[in-house]
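Okay, so chain A shows up in both of these, paired with chain B first and chain C after.
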Partner chain A sequence: MSQKVYIAGVGIISAIGNNVGENLASLKDTKAGMQNMERLQSVHKDKLPVAEVSLSNEDLCSELKLPNHISRSALLSTVAAKEAISNSGINIHKWRTGFISATSVGGMDKTEDFFTEFMADHPNGDLKNVVNHECGAVTEITADHLGIRDFVTTVSTACSSSANSIFLAARLIRQGFLDVVVAGGTDSLTKFTLNGFNTLMILDSQYCQPFDENRRGLNLGEGAGYLVLVSEKVAEGMNQKPEIALSGWCNANDAHHQTASSPDGTGNFLAMKGALKKAGLKPADIDYINLHGTGTNNNDIAEGTAIKNLFEGNYPPVSSTKSFTGHTLGASGAIEAVYSVLAIREGLIFPNLRFETQMKEIPFAPVTELQHKTLKNVMSNSFGFGGNCSSLIFSKVIG
Partner chain B sequence: MSRIIKMGVAAAMEALKDAELPMPDAIVTGTAYGCLADTDAFLTRMVEFNEELLSPTSFIQSTHNTVGAQIALMLHCHHYNNTYVHRGSSFEAAVLDAQSLIEEGEAENILVGSVDEIIENSHTIISRFGIYKESESNKLLNSGTNGTMAGEGATFFVFSKNKETGSIAKLEDIKTYYKTNRKAENIIHNFLMENNVRVDNIDLIILGNNGDAKTDEHYNTVAQHLFGGKRLVGYKNYCGEYPTSSAFALWMAARMIEHGKKINDETSPKKILIYNNYKLKYPSLYLLSAC
Partner chain C sequence: MSPEDQLNITKSVIIRNNSIYVDGNIIYEYFKNDNFLNDSYESLDNNYPKFYKMDVLGKLGMLATHLLLKDSDIENHLPSDVGIVLSNSNSSLDADIRYFDSVKSFPSPALFVYTLPNIVTGEISIRYKLKGENAFFISQQFDADWLHFYISHLFQNNKINACIGGWIESINSDHDVCLFLTERKESKNGINFTAENLNNINSLGDDVSNILP
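After this line comes the complex of A and B, so read on.
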């Protein structure tokens, strides 16, 4: 049961790039992905900036040879999952391979189109647009495209969804249920989520400023991220044995409020503490935290306070890469897991963009410039509605 | 609180009370459609009012993890909480996660369940695919015509690592497949072999017949090939067809075993096999025995 689970490959698509290379270049060049809404058709178009993936549905469909009624969530998912597999160099069909995805909106982008016509008159609305509404339907489009059948499932715990898919993958590999798992998540921008967050009054009409005293809220983003997790046996057989493993994880619940975090971030604290315990690490062993850091008043104070309490005296460098990608909801845990792996692989700490003023309540500030540093253990936080809090720890494996 | 949350919370609380477990080590929920009524309410207003004058309540409650979250909130449960949303295998994913948590040593007593609701619009839309028909529940199964009846429900269980005094039954094994090429007979045969069980040892087989001619034929063929002379029952005449209905079958099997223990009758089932195959894409198997 002590067997390690290695990260053999990563794939990503976000507002700052259509693949791993482009994402890394944007992170290094501090190029953020927010701008005025172009693709999403909303009445809030000129008021609320978003972080959209640059490729259109038509571009994505023709690249993937998928029909154009497919949900954007599935298209993004397929691009990133395919990249993760090719990045790993593994022939997934040789092994017992699973696909564990996560999403919060599923096929809602197409359901919105359907619903407008359906509401006018119930026999109206093209059923093609609603057939993939379910979260699981989005996962299946990608799984079928990749030819993965040994185990396919979908997690949905709002903004922590894809962190959960990653540790489930690790557990199932450790227990010998699967050899290889492509795990992560996807979410596309929809009017549903844009308006939902807008009614909660937590969207920033400017570019977001996570962990800043004067932060105003979050910018929504879209994208997908996947990791290829493999067993020790699969790792041994690779040309080059992977150097990064998922060493710790924990899922805890804040049990405070359906959408708001508790003031002292109880759930966040428990998730980080549990992940350290699972990895057998002390707070001082963590070299960098990729924050959940949405930029909302509530999240950043809760997460900041939890870090203050857990890491007292050993504050590691921290930053929120949501200042680049916006908040990609169900995809954010996986996108940031990919960034955490890249941070270790490249020896980089990514900056927290647009930080100006120190938060009064916490004694540490986020990293504001790209840092080159050897990293051994990186923590990635993902917290969501329903009090769902998950933390992952990626570690460089010696020998 | 919307209806699906009430259903889910009620079933969860009943399971916890029954198990005399005040605080589970984990809460794992499966739902294919999630909170449809709240999703529908927010979507409707968004379209009607052209994205203006919306209230956040229905959006807040529309996320798929709302039921699991509300249970945690009511119990003040800070432990593991996860929600699976994979169509006809959402409940199976929750059960597998619970099993894996126990194996990993991360939890010993776990609240596991599933919940799905019917709303007017979802029924209208799904009906347009030609899946449902008018029928009476007691005439549903093997009716020989196309279509089934919509169902819904919330079902929760407490899974424990160790046998407790109040334990109702033992879940020997569970297996689920995704769009497999293998024949149902082959899957079931292997499942029984892996568990060292012969068909002769099984007292009752619960099948997922749903009244749709093609679907019923699938189950009936399997029964004919593998289960000749065995006691067979359906369950969708009680709960209708929905993606997480296998949880209802598992509940029914557990109650039958519990009842059999109480009346101590030799003919009461002590080993039950459940085979459901939602939309003939998600075959799932459960083996339950008296403990």
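After this line comes the complex of A and C, so read on.
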């Protein structure tokens, strides 16, 4: 039997909090993070709400002692990854440690600053602002800051990116390549993503309503989330052995369209089914699904239909925490993985905010109020553009 | 590589200079007009409604792949065993410009979704249900050495058993396509998969006088 991969620590920064404690408090108090744009400069400023992290670049740089030309994506990443490591209590330098980080935006935020200056007057473009454009550069900044050298890589598969980085970590541990992996993802808000999603006409000008019959689209958010995944051997040596493991994962693709999911959620279905198989679980064993639940017409019908088909008769409680954080793109899989771990640890099912009307195509509705319940197995869905669909399952480990 | 692992170019398609060639033979000639892509696709007996909403790169990919895979036994391979390795020098610039023009009035979602070079790879994959390794490289010119190296590497590591490879370019209504199918099986034309042969195939139609009798 393959060895288990344990979750030894979590770290997070999002619009609803700068650390795990603040995020958990906001989830319990149903405090959402969307509001009018404050930091992001855009012509859509008063029209499209977003979920921004409250700390400015200056705040983040001074906290981390990093220079101020560093991409916000790298700053958010470093804050959350540091918290995850410190939360785990593991001395990462004692083990073969990897850092796997996902992002869809990379250093685009700084490139946009460069572009404006460069277009106005070419010699004015500050090249310091473009050297970290590439997604991997952002990962390297954080890895260097953390002192992780044994294995460093970047995953960029749109909105399933950081779910994929988490299970790549698990695979590397199970195959014996690494002992400890800090895995997750980061994305900062940029004009590029805002305008791109706006072109696709899937942004909500109000606060989003995932899984609602009258949903209008998504709100973009920003943030970062990381898990510290460890091998059985590392787990055994900890003061307190972790109680939660990543038990199942799967990635599938429905090869339907550049951006949209197939309406019947083929990829979503395959990802969830594959994750259950990997975990050796039946649909009835899942106690809660943290939905991808973006609030777009297309995602929610595809995801809802896939759940309807897979969980027929055993619909577990479901909710989309994007109703708190907005859609954090490359970070969302990891942020929601952190919430899934917290759900098991705290025995909580988080509410799906602003839900009003059940979707007519599916026979279940999301949870609308905080529920206290012992959870053993939690599924976390992340479905990306291009039909790139991933599901993770976190399980409480007995004994 | 053992003899049975010998890689061969089993088919090639060129679209350039007002002509479409399959295995070196002209099968379609056209006068430059806006309808060339639709006309030739229809004349080649095709029926894929999604073709009409594609950008030029996508349409060229559809057209060339249709000819490349016609009469092939590509369906005998597992979907995950067929790779796609493409290249060009202008990325999706043609679609980018068209999209950017639309932004001045209303940003077009239909144009926006084509503003990446590897969308054509996705369109080919969806149409022919291919799920193997894929890559899209940007290079100044048709880089036979690199394509040969990369595709050989995929075969040698048993990642694929067949590969659609080559060059697919469109800018300002100029088309330039050179696609080839690489397989482990014998080629009826007996063309080994080498960088030199790729260059030979790609030289076709560069200068029309070369290919006239």
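Remarks
We take it that the second predicted complex is superposed on the first by the 393 of 399 C-alpha atoms of A that agree within 3 Å, B and C clash if a C-alpha of one lies under 4 Å from a C-alpha of the other, contacts with A are read in each partner's own complex, and residues count from 1 in each chain.
Just so we're on the same page, a contact is a pair of C-beta atoms (placed from the backbone, for glycine too) under 8 Å apart; a residue touches a chain by one contact, two chains touch by 3 or more.
This structure is a prediction, so every number in the text was calculated from the model and none was measured.
Superposition note: with chain A as the common reference, chain B and chain C are in steric clash.
When the two complexes are overlaid on their common chain A, residue A:283 makes contact with neither chain B nor chain C.
With both structures placed on the common chain, the touch criterion links A:258 to chain B and to chain C. Judged by the touch definition given at the top, the superposed model places A:386 against both chain B and chain C. After overlaying the two complexes on the shared chain, residue contacts for A:200 are found with chain B and with chain C alike. For chain A, the partner touching the most residues, choosing from chain B and chain C, is B. Once chain A of one complex is fitted onto chain A of the other, the partner contacts of A:172 are limited to chain B, with no touch recorded for chain C.
In the superposed three-chain arrangement, chain B is struck by just one stretch of chain C from 19-27, 37-45 or 109-117, namely 109-117.
Under the contact criterion defined above, the residues of chain A that touch both chain B in one complex and chain C in the other are 195-196, 198-200, 253, 255-259, 386.
Of all residues in chain A, only 195-196, 198-201, 253, 255-259, 386 touch chain C in the complex they form.
Residues of chain A touching chain B in their complex: 1, 42-44, 103-104, 106, 111-112, 115-116, 118-119, 122-123, 125, 127, 130, 134-137, 139-140, 143-144, 149-158, 164, 168, 171-172, 174-175, 177, 191-192, 195-196, 198-200, 251-259, 266-267, 270, 384-388. Note for the complex: chain C touches chain A at residues 107-109, 112-114, 116, 119, 122, 125-126, 129, 131. Taken together, the chain B residues at the contact with chain A in this complex read 27, 32-34, 39, 42-44, 46-48, 50-52, 54-56, 59-66, 68-70, 72-73, 75-87, 89-90, 93, 97, 100-101, 103-104, 121, 124-125, 128-129, 178-180.
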